[in-house]
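Heads up, the next two complexes both have subunit A, just with different partners, subunit B and then subunit C.
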Partner chain A sequence: MNGRVRTLAAMGAREFARTPVLLALLVVLPVYVIGVFVLLVDDTAVPLTIDGSVVNAEMSAFAAAFMTPVTVAILAGIVGLFLMQSSQAADDRLRLAGYRAGELVTARFGLLVVGTLLVTAASLAVALTAVTPELLGWFVLATVLTGLTYGILGVVVGVVLDRLPGVYVMLFAPMVDVLMFQNPLATDPPTWTSALPGHYATELLFAATFTTSVDGTDAVAAGGYVLLLLVLGTGLLYRTTAVE
Partner chain B sequence: MTALGRVGAGVRAGTQSFVREPFNVVLLLVLPALSIQIYGVSLAQFPAVGIFDAAGTLETTGRITGAVFATGALAGVLGLFQMISARHADRRLALCGFPDVELVVSRLLTIAVVGSVIAGVATVTLVAILGEPVSAAPLVFVGLGVAAAAYGLLGILVGTVLPRELEGSLVLVILADVDNVFASGLFGIDESITQFAPLSHPHELVTAAVVDGQLATEHLLPAGGHLLVFAVLSIAAYTYAVGGEPA
Partner chain C sequence: MTADRSSPPEHSEQRAASDIVVAADSIAKTYDSRLPFTRSVEVLDGATLEVRRGEVVGIMGENGSGKSTLMQILAGALDADAGAVQRAGTVGWCPQEPRLYDRLTVDETFRLFGQAYGMDDDEVREARDWLTDVLDFEEFADRQVRHLSGGNRQKLNLSVALMHEPDLLLLDEPYTGFDWETFLAFWELTEQLRDRGVGVAIISHIINERDRFDVVYELHDGHLHRQEIGADDEPQSRPTEGQVDCERTTPFVDDDAGGGQRATGEGSR
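Let's turn to the complex of A and B:
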């Protein structure tokens, strides 16, 4: 990493640190969302369909596991969206001042990763008080992949749309994808839902939480999805910042 | 210019700032339809018994949930962004001599006008998509209008307390999403708790109108209570933000 990227990343991190309300929200909101559901759901057993098999789980454990990717996806998506929106004017000036587009893209995605990891850490800290995943490492990896997927999607949406419509899209997309269509309470999900961004990461997450083995292809596909979006996001960001 | 004229100008300006962006108008028309259809399909994938306590079929419940969510979310985000973008302009207008009450009334009426349009579009879309006759469409509009009003006021409140787009959006999006899960009955959370979710009563009002063709009178009072609390809080916060702090 060259000095200019380091400086840009440090400035971005300083901007984060300068907004304590934002940092507090990124920590408090996961606690609120996951905590509320863990506390309020009935402690009954529910049948979950995971990789075609039915597994019974306590509702509170299911709520903790399930609301983790939902929360991370929503928050990372909004952070990605505004990261793009708020830095666009500054990036244009930096570009004119001699920064290369690749340096801007690297620094911005670095900041997105930091934001995603922060949200993920806060979410995991709450979720793990209510559920003990069978395979913790895979559970963490799946949560990070979900966050990165939606964080980069937020960046893409931020490039294509303005703030107001962008918030609408990032309000609906994680809710519909992760909460409604990747829900293991469903017994008959339409096949096309496997093409949605959250599918493979959440499959991996539920297998890691409630079974003793995971399907490696879910991890590869979820990672592939992140890479694909990263290429798309990088291309769009590169084009946006390549202003003369 | 009379007070009525000034309020009218404020409402026109607020409404036009939303309509001026063609993509906003497209979203206003497309999002309710998309949300209603997607929620209908998504709830139909769940087993018919054991998880939900639904008044109608799961598909119908899903579509009602989608309509209520789309209406609330659209109005809420609009209220939030309107408040954030208008804050400084309103502050300057207050300094120029505009009475606070006229500015507050303008903002509330703008939300009422755009919220009514959103509720109207969502009502027409829901009735069209349901594919079964809805005998009480005006009552559906009432339920969705309550959802729009509640979230429009919440948007103003959040936008006043957190006047930055990222922070405000984070809070409003989380509120709307969690509220919608409560209202949908997805986790089977006890009604004694979900009744405090702002969308739960509009959800029940719309459900009663669609399934039974009746007005769920027992939900009118709590829904009105929510509106009153949000109105008082948002007016107090707005008045403080516009007139109470130094320039």
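Let's turn to the complex of A and C:
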């Protein structure tokens, strides 16, 4: 990372740190969504369908594990969206002033990764008080991959939509994808739901939480999804920062 | 001898060509809508202009005539549908809406854009001290852009365009929100830049400023109409180098705007 990218990333981090509403959201939303859900559910066992097998789990543990990717996806998506929306016009000017597109893209995605890690850390801090995953490392990895997937989607949505419709999309998309279609309480989800962005990361997450082994292809596919979106997002960012 | 006689005009032409810091030739731009049942808006249609070193050029036209679009194309921030833009040297662009990072301070903004221009720390510090002194906003160095008043934000917007001492300055209504003292300081600065050989293009609405320009282009129906500012200050109606047909423009005073605006004699977009 050269000095110009470091400067740009550092300035971006300062902007991020000076957005108290967003920072508060990163703390409050995990507590609210994960914590309240855990408190509200009955302490009974529920049957979960994970990789085709049925596993019984405590409802509170299931709620914590289930709401973690939902929360991370929503928050990372909003971070990506705001990152894009708040800097796009100024980035154009900075590009004209002499910053190269590659430097801008690197700095912006670097900041997105930091934001996603923050969101993940905040959500895990709450979730791990209610659930002890069988395979913690894989659980953390799955959460990060979910965050990166939706964080980059937030950037993409931020390029093509204005702020208000963008926020709606980034609220509804994780709800529809992760909350509805990746729900392990559902025994027979439609085949096409496996093409949704959150599918492989949440499969990995549930296997890591409630079983003692994970399917490596889920991790590879989730990582592949992130890479694919990264290529798409990078292409879009290059295009939006293109100057003569 | 023949060769000798023909040399001066050639040299003169070469020198004149080398003096041009930006030349736009037959620029066309239409904003297409992505949505169905909405119309496209043709903004520029064969606009041609040039700015030379040490020349202060005004670009005028009524609201929505495409001045800012033209400026963005000249700066390289927007692609033209047709035509060509050639620039020589470094460019400083001051957009109408300050494109700055709201949550960075004035100092941080100077540092970041200084980095973009390839300036070292000392050069950035010198430029910051010079511009904040001339435009009188030194006391806001630690204030975030979003907490600046409109006028001070505009001072920073202008400073970012000026800080690397470019060969060409493209200013889109640069003094919006300036108080009178700063307005005068701006024009004093512009005179200094002219003397240093900087080419300056300014979008302006204020008719009383016409005397400050060497050349004024009026944008009307997508075409530019060049007017040399002479002793009688009569608007000359003649096409720009793209030889587009044009109509004679007439000055008028807009009562609502408190006077000082100028627009074309016929309705246009």
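Everything that follows uses one rule, which is that the second predicted complex is superposed on the first by the 242 of 244 C-alpha atoms of A that agree within 3 Å, B and C clash if a C-alpha of one lies under 4 Å from a C-alpha of the other, contacts with A are read in each partner's own complex, and residues count from 1 in each chain.
Note that contacts are C-beta pairs under 8 Å (C-beta built on N, C-alpha and C of every residue); 3 or more make two chains touch, one makes a residue touch a chain.
Since we're looking at a predicted model, the values are computed, not measured.
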>> For the combined arrangement obtained by superposing on subunit A, do subunit B and subunit C clash, or do they fit?
In response: fit
> How wide is the angle at the Cα centre of subunit A, looking out to the Cα centres of subunit B and subunit C, in steps of 10 degrees?
Replying inline: 80
> Thinking of the overlay built on chain A, is A:Thr7 touched by subunit B (first), by subunit C (second), by both, or by neither?
Replying inline: second
>> With both complexes overlaid on chain A, does A:Ala64 touch subunit B (first), subunit C (second), both or neither?
In response: neither
> Is the number of subunit A residues in contact higher for subunit B or for subunit C?
Replying inline: B
> Between subunit B (first) and subunit C (second), which does A:Tyr32 come into contact with in this model arrangement: first, second, both, or neither?
Replying inline: first
> For A:Ser86, is the partner it touches subunit B (first), subunit C (second), both, or none of the two (neither)?
Replying inline: both
> In the superposed arrangement, which partner chain does A:Thr19 touch: subunit B (first), subunit C (second), both, or neither?
Replying inline: both
> Touching A:Val46, do we find subunit B (first), subunit C (second), both, or neither?
Replying inline: first
> Is A:Ile74 in contact with subunit B, with subunit C, with both, or with neither (first, second, both, neither)?
Replying inline: first
> Between subunit B and subunit C, what is the shortest CA distance in the superposition, whole Å?
Replying inline: 7
>> Let me check the overlay on chain A: which residues of subunit A are in contact with subunit B and also with subunit C?
In response: 19, 86
>> Quick check: in the complex, which residue numbers of subunit B touch subunit A?
In response: 21, 23-24, 27, 31, 34-35, 38-39, 41-47, 51, 69, 73-74, 77-78, 81, 162, 164-167, 169-171, 173-174, 176-178, 180-181, 186-190, 193
> In the complex formed with subunit A, which residues of subunit C make contact?
Replying inline: 75-77, 79, 85, 91, 93, 95, 97, 99-104, 108, 111-113, 115-118, 144, 160, 164
> Okay, in this complex, where on subunit A does subunit B touch?
Replying inline: 19, 21-22, 25-26, 29, 32-33, 36-37, 40-42, 46, 59, 63, 70-71, 74-75, 78-79, 82, 85-86, 161-165, 167-168, 170-172, 175-176, 179-181, 183, 185-190
> Can you list the subunit A residues touching subunit C in their complex?
Replying inline: 3-4, 7-8, 11, 14-15, 18-19, 86-87, 89-90, 92-94, 96-99, 243-244
